[in-house]
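Below are two complexes that have chain A in common, paired first with chain B and then with chain C.
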Partner chain A sequence: MSSNHLFIDPDSPTPTDPPGTGVRGLWQDESPQQKGTHVRFEVNRDVFSEAVSFAVKLLPQRTTLPILGGVLIEAGDDSVTLSAFDYESSARTTIGAAVGEPGRALVSGRLLADIASRLPAAPVEFSVDGGRVSIRCGAGRFTLLPMPVEEYPALPELAAAGGLVPGELLADAIGQVVVAASRDDVTPVITGVQLEVGENSLSLVATDRYRVAIRDIPWDSADSGIVEATALVPARVLAEIGKTFAHAKTVRIAIAEGGDRELIAFSAEDKAVTSLLIKGNYPPVKRLFPQSVEDYAVLSTSDLVDAVRRVSLVLEREAALRFSFSPDGLTLEAAGGEQAQASESIDAVLTGEETVVSLKPQFLIDALGGVHSEFVRLGFTRTDNPNKPGPVLITAQTSGDTGPSSFRYLLQPNLLLR
Partner chain B sequence: MDYAGRLSAHLPLATRLLVLKADGSVLVHSDSLSYKPLNWMSPPCALVEMEPDEEQSAAGVTVVWRIDQAKTADLLVISIHEVLHDSSHELGADPGLRKDGVEADLQRLLAEQVELLGEGTRLVRREYPTAIGPVDLLVTDAEGRHVAVEVKRRGGIDGVEQLTRYLELLGRDPRLAPVRGVFAAQEIAPQARTLAEDRGIVCLLLDYDAMRGLDERPDRLF
Partner chain C sequence: MSRQDGRDRLVSAEDADDTGATILHADLDAFFASVELLDRPELRGRPVIVGRDSPRSVVTAATYEARRYGVNSAMPMAVALRRCPHAVVVEPHRDRYEHWSARFFEICRTITPLVEPVGIDEGFLDVSGAGRAIGSPRAAAALLRERVRERTGLVASVGVAGSKFVAKLASGRAKPDGLLVVPVAETVAFLRPLPVDALWGVGGRTGERLRGRAISTIGELADTPPATLRAALGDALAQRLHELARGIDPRPVVTERAERSIGRETTFEEDVADPAELRRVLRRLSDDVGARLRRAGCSARTIAIKVRFGDFRTISRSRTLAEPTDVGHAIHEAAVALLDAAGEIPPVRLIGVRAEQLGPRTVSLWEEDAWREAEQAVDQARDRFGRGAVRPARLLPDSGGPRGPRRPA
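Entry: the complex of A and B
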């Protein structure tokens, strides 16, 4: 697998060409732009704290450009916008505030978030005066040095048009698939989650080559006209997006394709998150799924989770559990080397042939956490290759009236060792 | 066993493995704790076998080895109570240690698979010479611009510094400038990555197994 996003685009801002590395010191008070800055607003404490903590969530932990560790605060007529941006992803939120004096300021994000989360229950007064940021709340007062706001990079523009998805379903789907995304930088393409817009549906796909997780949710192209598109979004950013928008009624998704910086934007109510897309061709993993599965077992999801957790206690790291399906049910066996062994039998309804598979317990637990259903179906496929067992297809087992779930999880078993 | 010289040490009576090598060195091993010898005398040194004195004999010692270092005053005295096993083997010539996944192999594979550096990349040459030593690979990208590649097994900060020096020298050559850098390694330390990216050097992780065509694994879907 090759990485196609290796070379930095010469026209884009690169770390070699950072803002704020000019001769002027970053922290000097006498910066002319700084001196004239006056910002003043008053805001509800909880609203402020929530907005700051949202904005800093995607901030880089350690950056070589200190200015990117800042939160940009822009006071407008009767609202304040807080933004963070690290050239990869951006977060922006707008909150209502009583603005005395509009203007812009840049302050350390982590420090501001720590302060905001500890403020007493009283209105927050934020002001910039004489090169100092001051935050007053109740009897408390903080004074911070701002960073030079004029050196902060311009945030990516949000496209007005986008398709719509329900926030709760989006959060659900992200939670289900993101666990399967690779964390290995050797293969950058699969560290992302592939979003595929099809007719009235948005499909989320993630894989680390050991398993593939897919979930489809409804897509309303709305005014965007996006009826067919793909976007490869970094899994880490998407995981935060899922948490951020879990309670939003609808989330607007805009994909800016073409141009040298491909971008995806998620927005709902007063919040927006953008991320650069990972470049490269996503492997055609959908075709790994079997057309039909004749042999399968149906089990209680929670019984299986409990049994797997128990039996795998004796396993060495990375070791697999042996699952034997027969008409009598399922027997799980763990061989933890010389030290310990464990086994357990649970009820399972088997259709088709008796099957023995060897699965990594965490990979199975990830799947079972995603089925969101009382019963789970494990489908067994056959292969002609004696050195590679057929993959196991894990889906929710639903009764007729709830309709089929679109979550599918394909897991490659290990070779049976005995 | 008693050691005297630059440091003093004592190993109490126990069952031990003593290795006398053809180069004259003497090594004392135990069954656990360390894969290295617990004590040793490096060559050149002289081994003298001595009869135990009366006090030693009374303590059960059957033979005493005294090993003198020829260059220093270091002295190793081994009091042997009982010999459980004694054998001698000729090992012959050592073909030398060969590490799998050495940088040379990575460099050769990357030279053969330059497209890993990006579509349209072409190899200029391996071991491109500079005044301070050869840079691993010099390639051109899809737009024909020069890129210097430093290949490491484990990428650390020192590797980034090395590449930075090459880039500075190569960048002075008007036929090559501007030259960008790629730091390619099987693994890259987080600090090295941060430093590299801060200097505009792109980091590339190399999948050695995949490059060798050995990544067909039965526990993977693809």
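Entry: the complex of A and C
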């Protein structure tokens, strides 16, 4: 991190005297007072540590612009805001603090996070003076060079109005679909999760061409007036958003359309995350789902997960498992080349015709991890093309017909090759 | 199976139970002789022997008409002609056999992609996932026989069973021009009366050793206590034969997936210096490689070219693709980029394209790649109408007529 710049903020009030009494040590130990901003606050150790770790989570692992590796710390009257921004996404959180001197500072995010996570259980004193950042906690004391805050880009503004979703359901839905998003940057649109706001519902859709995962959750348009909108959010950012807001009662989602920087913002309580939207047309994957499926099998979700995990031990990388469904149940077979083979049979209730499909085990495990139900239904769609087996529709098996399942996962089988 | 003359032919009734009998063994009847008859239809119905008519040569193949006189493959020609003096002897044409063999396997792959060629004129098909368009195993076998007859004029006999080994025995019994389904429940009954030599892995010595212990049929083998078999044959072979005798054969139908690379190259009659001509040839080679990848159910992560110059100096270049492909167009793009990167080159004597780092192709839910769709359509047209049916415009011979401006591909 190139943090050997001296920190000077021209907008800040000019310091006058050395810091007031009651604050011991650090300043007196430093070299003669430099012209610079003084920031000073005291904060609860756990609150501080949690806030720092939230802010840095979205920071890029590696960046060509070192300044984007910083965390912006802004001390106000009785609170401190920590922010991180990399032009694509931003994270911002505000925590209560006893502020001695308001002001702004920029410090290395990784370093601050490492320090914050290991501080002893004692109040944290944070201060900037004379071109040094100082963190004191109990008997521990750290001194770091700040980064040039005047070069830090302005963070995007949050739109005031947004629709509301329950935090727990949002986290759930994100967890169910992000696994299906592509990780291959060759096709950027499918590295995102498509959010589709409809009347009273929010759909999350992800695909990597080989599978599509969809989850619908309730949407309260509240004061936003958003009743129909789509937003393509990078899956990596959305995954962090899911974890961040899992315990929030409600999450406000605002979509800022128009202009050349389309933006989505998620906020709850004292935290907010924004992300630029991915541009481009999302493939119309919803219409790949069959209207109805006549042939299907019902299985115990955990039995299937266990069997798939066991049998795939002998598989070579990228290889698929063969699933044979018959009135007697399901037989899984893995041919691991010359070295090893494995097979296992488990109970399955088959309705309709016998079927053999070849599926990538991880793709199936991802689906089974999403159904959140004791029993799972695998539906087999029909096809006339010998070069393209019909996709398998995976949903939770619930008692009775409760309408379309809120989670649906469509998986394209491989050709039946050993 | 060449010794069979069709006298103990067995075909199954329409209503034979084919549940679970998902393995087909398709075998072309009297293949070499039948191919010769395609070119000389006037010989149909007569005893025909394929081979060179010289005292030291042997019979390559014989029609069923000739086999009835006791003519077999590998028999000295002199003996064959003594047994059947009025037989017509025709010279073998290897290139014709290869051509028709390729057509035969193309037709097999219209039934299921899961085809395992065995030799030039027979192969296994696993129709367990063939889908509704094809229907039951019996229907698949009938359709295969019909397509082979329609599109080649050759005759395939097909055995249908629950395992490869039984399917192969069944096709042998069905010859000529037959279809035999061995229902899974009747497998053991079907096997029992057959001689032990019919089991895979039982050759001359093993057969003798078994007969020395009064085991001459598969039924007798199945009834022999395993300990006795182990003493006679050793643990591994005893175990395997005992399973085979009870119709158990776990070997799956395997396609060309085991291949590590797929390549095509061509040598010019005269060295070629024209870059446009080299690109055109790369296009043809790339399309071939793509078609073979698709047939094998593979996609390649790396594309390599090989260029040999007039002075026999040879260069090889390769590049790894962002995404594995089985599309001729993408292979061609990579190959041309490699050729261009080689810079100024002397006239070329040989050029080749190779697809490497093969893996099983993952089928996507939707095709974004229009080229792939187009090439799949070409595959299908070629399966039906033969290799020359469809080709890229730039590979068509010059018509000599006026041309519009060329559009980029």
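Here is the rule we use: the second predicted complex is superposed on the first by the 377 of 418 C-alpha atoms of A that agree within 3 Å, B and C clash if a C-alpha of one lies under 4 Å from a C-alpha of the other, contacts with A are read in each partner's own complex, and residues count from 1 in each chain.
What we mean here is this: contacts are C-beta pairs under 8 Å (C-beta built on N, C-alpha and C of every residue); 3 or more make two chains touch, one makes a residue touch a chain.
Just so it is clear, the structure is predicted and the values come from calculations on it, not from any experiment.
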| item | value |
| --- | --- |
| Touched partner set for A:Val357, first chain B, second chain C, both or neither | second |
| Which superposed partner A:Gly192 touches (first chain B, second chain C, both, neither) | neither |
| Touched partner set for A:Ala319, first chain B, second chain C, both or neither | second |
| Touching partner for A:Pro148 - first (chain B), second (chain C), both, neither | neither |
| Touched partner set for A:Asp384, first chain B, second chain C, both or neither | second |
| Contacts of A:Gly109 with chain B and chain C, given as first, second, both or neither | neither |
| First (chain B), second (chain C), both or neither touched by A:Thr64 | first |
| Contacts of A:Val212 with chain B and chain C, given as first, second, both or neither | both |
| Set intersection of chain A contacts, chain C complex versus chain B complex | 186-187, 207, 209-212, 283, 285, 288, 360, 387-389, 391, 410, 412-415 |
| Contact footprint of chain B on chain A as seen in their complex | 1-4, 6-8, 14-17, 62, 64, 185-187, 207, 209-212, 283, 285, 288, 360, 387-389, 391, 410, 412-415 |
| Residues on chain C engaged by chain A in the complex (per definition of touch) | 110-114, 126, 128-134, 252-255, 257, 294, 297, 322-323, 359-366, 368, 376 |
| Contact set on chain A toward chain C in their complex | 184, 186-187, 207, 209-212, 283, 285, 288, 318-320, 324, 335, 355-358, 360, 382-391, 410, 412-418 |
| Interfacial residue positions of chain B with respect to chain A in the complex | 115-119, 141, 147, 180, 182, 194-195, 197-200, 202, 204-207, 210, 218-222 |
